[in-house]
Amino acid sequence: MPEPEPQPYDPVGPGENEAVAPTGQGGAMDLALDEAESLEKPLDPDPSAPRERARSLWSDAWHQLRRNPVFVISSLFILFLVVISLWPQLIASGDPLHCELSKSQQGSSPGHPFGYDTQGCDVYTRTVYGARASITVGICATLGAALLGSALGGLAGFFGGWGDSLLSRVADIFFGIPVVLGGLVFLSVVTSTTVWPVVGFIVLLGWPQLARIARGSVITAKQNDYVQAARALGAGNARILLRHVAPNAVAPVIVVATIALGTYIALEATLSFLGVGLRPPTVSWGIDISNAASQIRNAPHMLLWPALALSLTVLAFIMLGDAVRDALDPKLR
Amino acid sequence: MLLEVRDLHVEFTTRDGVAKAVNGVNYSVDEGETLAVLGESGSGKSVTAQAVMGILDTPPGRIAGGRILFKGKDLLKMKEDERRRIRGAEMAMIFQDALSSLNPVLSVGAQLGEMFEIHRGMSRKDSRAKAVELMDRVKIPAARQRVADYPHQFSGGMRQRIMIAMALALEPSLIIADEPTTALDVTVQAQVMDLLAELQRELGMGLILITHDLGVVADVADRIAVMYAGRIVESAPVHAIYRAPAHPYTRGLLDSIPRLDQKGQELYAIKGLPPNLLAIPPGCAFNPRCPMARPVCRTEVPPLAEVAPDRASACFFWKECLGA
Amino acid sequence: MGRYVIRRLLQMIPVFIGSTFLIFFMVYALGDPVAALFGDKAPDPATAARIRKDLYLDRPLWQQYVHYMGQIFKGDFGTAFNGQSVTDLMASAFPVTLRLTCVAILIEIVVGISLGVVSGLRRGKTIDTTLLVATLVVISVPTFVTGYLLQYLFGVKWGWVRPTVSPDAPFDELILPGIVLALVSLAYVTRLSRTSIAENAKADYVRTAVAKGLPRRRVVGRHLLRNSLIPVVTFIGTDIGALMGGAIVTERIFNIHGVGYQLYQGILRGNSPTVVGFVTILVIVFLVANLLVDLLYAVLDPRIRYA
């Protein structure tokens, strides 16, 4: 009996099976010529098929991505973010923790294009250094959630049975806790000033989403004829899972994880804004925005720059995920 | 003449170029007549029908030329609202896959009754009574009890009967049936086909039967139009074609029907692939696959010419073909 | 249908127990409520022990949990450490947040679905592309940034609305906070309904509806929209939880004394009964909303109703 499976929390688009459509028929025929069967069985109903078949899903997607300006711009921007979070000194010579109260809330001046915040710290330097926390949290939390989620979800989807039911119910429990609320409760008791509690918390509440996606796409991939064929030829579970199912099920997980990375960065900033995420002396956009918000009438520049940096970062990841999904899902082209 | 399609051209804009799906189709249907349109996938038979109904997806589709005369009026020159009033009321279409062609979230009664509500302005209650009547007419058992059921609760054959009922609802003068039995079990196919033929006779409608199944055609059609690469290649009364085809493609189709008296022999298949509509071969589109092709076939397009009374072929060498 | 409802209700029970226990565990096992009660002062050991006994804190965690849940089902959510009963706090806070959430959901449904339909029916056109980019931008800018920005623009700079909401929070003052709260979800609803509409627009049954000679408004309104809304309804249902969580941020920006505000105060002060009580109610709201969505889903889609 089909159950109204709750939609996965897929921020930018349609349901979980969308991205697993097999590589495209492409070309003219599927647009309008929809007769079901070829008159002549041995004939291929799609004359453009032999050309298309040579391209795999991935190389086809890559071919399309390279020419997509959204993809190019967002990945270049992300590359830039990763570089400056590793070596912020490259573009910012100052010390983000060096502040002069005498310069509190001053506007921009030569060498300090973004001006100063309430404590008299240089906003430009802090904005540049703030990338590190966001990128670290985003990448680590996504890796953790994606690995944990796809391992559990993939196994549950592949083997089914009671383990699958158990996983679904456990995932339901985590879905039952609103994320920001859970963050407040969980992180308010933590005293560490590193990024790890935040990462751990995001992984804890983030994995069920990815587990659902992985489960769904493994179930879809498992039902493919070539998997049945491999099974009929006597391939073992491990071989089927690793060689036949996983490569075909991984695309949606990658798409959702990329988009999730953006939302995790936004979540970290929200938690930091509420005072339970990252804590000083860690430099974080969320903290800076929180401090600047109360002063918006006097010194809007304090809010503008970290907010802009944060929004652009989140936007870049979401756009990247969106572009990758479009490329991997021939149906939507 | 009830319907005349004159020199119809339809194109589809795709990422890889313009696909010429229909390239100058001519056919006509009279009241009470059944025209079978025969052809492979991509021959343009469904696209032509969609152009006649006015349900072509535009874009990517585009009617590039031609006329469609229905009861003497050119449908392509009508305003959309005028055409809409004809659709469903005066001409109706039966689709191949009834499960996906019926709305899954509305009861069949609602979907049948809708025809009367919209075109005849009937009340919901009266239109529901009409729906029951229709279901009776297409021989769905216990129609009164099942009128509130949803499409997924019916069997494939019953669903196709509902599609037929919907098309017949307002007793249109033309019905286009696009592979009406392809999605059904063989045993059910015959029942549905018989029902369609019976109702057509009763109501005296014109019927365009789009199919690739030669077996179905022989029983119910009056005339056959064979399509290839968006063109009619042969048009003739059904018995004439079965006796002796006047086009090598039609011959290929007839030869590829499996026959019980040839048990053990290899099945015949037309060699090669249907043409790519983005790059239709110059000359006769069939020439790369034609066993009779000569040099002229690669350079000149053979016109659809009358070869006998009421009979036309688009082959330079139709005489040879008839004699073969 | 009846069996379906019962099955869904039964499935809710373990989820309810799991979620509330998880929250209970976080609050009581990871933090020390008694230490929090005394703030910076060192607690008097005897008093601390008495409080622990009163609050069942000297028992194993699962007994505390069972005791707590027992109290809740008698309608007793305990007493906040400042002596106010948690039920009283709820009575003042929940109506405010409920109004805020209603405003937000209404905006989300009306604006989100309308934009999605417009966009999906004109796929690839300028308006569609513009909306797609706009929704991505809205999704990318965190709520607290848009919140302060809109508050500054509408409340302070142009003076169109009160920048903060008065304690009794009438509907008209909740419009701006409602927009802020709804904005991100609205963008998701727009995108989701766009995809759904665009996909269903190609469906065979839509072609049938056109072939029946139905006017375009009826094709879209009766045939296309109803099928397309099914995934959107699911999203809005699961989003109710996210909205209530998001209300913490919105309520802080606009100084609204609702659930988010009380929860935030409770967490900052380590006021465990308040936190657990409020979160438990929120989890119930979330689960009930999901149940309602499932039922609505069944109403919209007969294939589920009769499965």
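Observations, loosely collected:
Here the chain labels run A, B and C in written order, and each chain numbers its own residues starting at 1.
The criterion applied here is as follows: contacts are C-beta pairs under 8 Å (C-beta built on N, C-alpha and C of every residue); 3 or more make two chains touch, one makes a residue touch a chain.
In this text, all values refer to a predicted model and were calculated from it rather than measured experimentally.
Centroid distances built from C-alpha atoms place B farthest away from chain A. Here the largest set of C-beta contact pairs joins the chains A-C.
Averaging Cα coordinates per chain places chain B and chain C 52 Å apart. One inter-chain figure worth recording: chain A and chain B are separated by 48 Å, centre to centre, where each centre is the mean of the chain's CA atoms.
Between chain A and chain C the centroid-to-centroid distance comes to 22 Å (mean Cα coordinates, whole Å).
Counting partners per residue, chain A has no residue that reaches two or more other chains. Counting partner chains per residue, chain B shows two or more touched chains at residues 57, 97. Contact of a single residue of chain C with at least two other chains is seen at positions 301, 303. Against chain B, in their complex, chain C makes its touches with residues 202-205, 207-215, 218, 222-223, 226-227, 300-303, 306.
Residues of chain C touching chain A in their complex: 11, 14-16, 18-19, 22-23, 26-27, 30-31, 136-137, 139-145, 148-149, 152, 156, 188, 191-192, 195-196, 199, 231, 234-235, 237-238, 241-242, 244-246, 248-249, 252-253, 263-264, 267-268, 270, 275, 279, 282-283, 286-287, 290, 294, 297-298, 301, 303-304, 307.
Residues 1-4, 6-7, 9, 11-15, 169-170, 172-182, 184-186, 188-190, 262, 266, 269-270, 273-276, 289-290, 293, 296-297, 300, 303, 307, 310-312, 314-315, 318-319, 322, 332 of chain A are the ones that touch chain C when the two sit in their complex.
Chain B contributes residues 53, 55, 57, 84-89, 92-93, 95, 97, 100-107, 114-115, 118-119, 150, 152-153, 166 to its touches with chain C in the complex.
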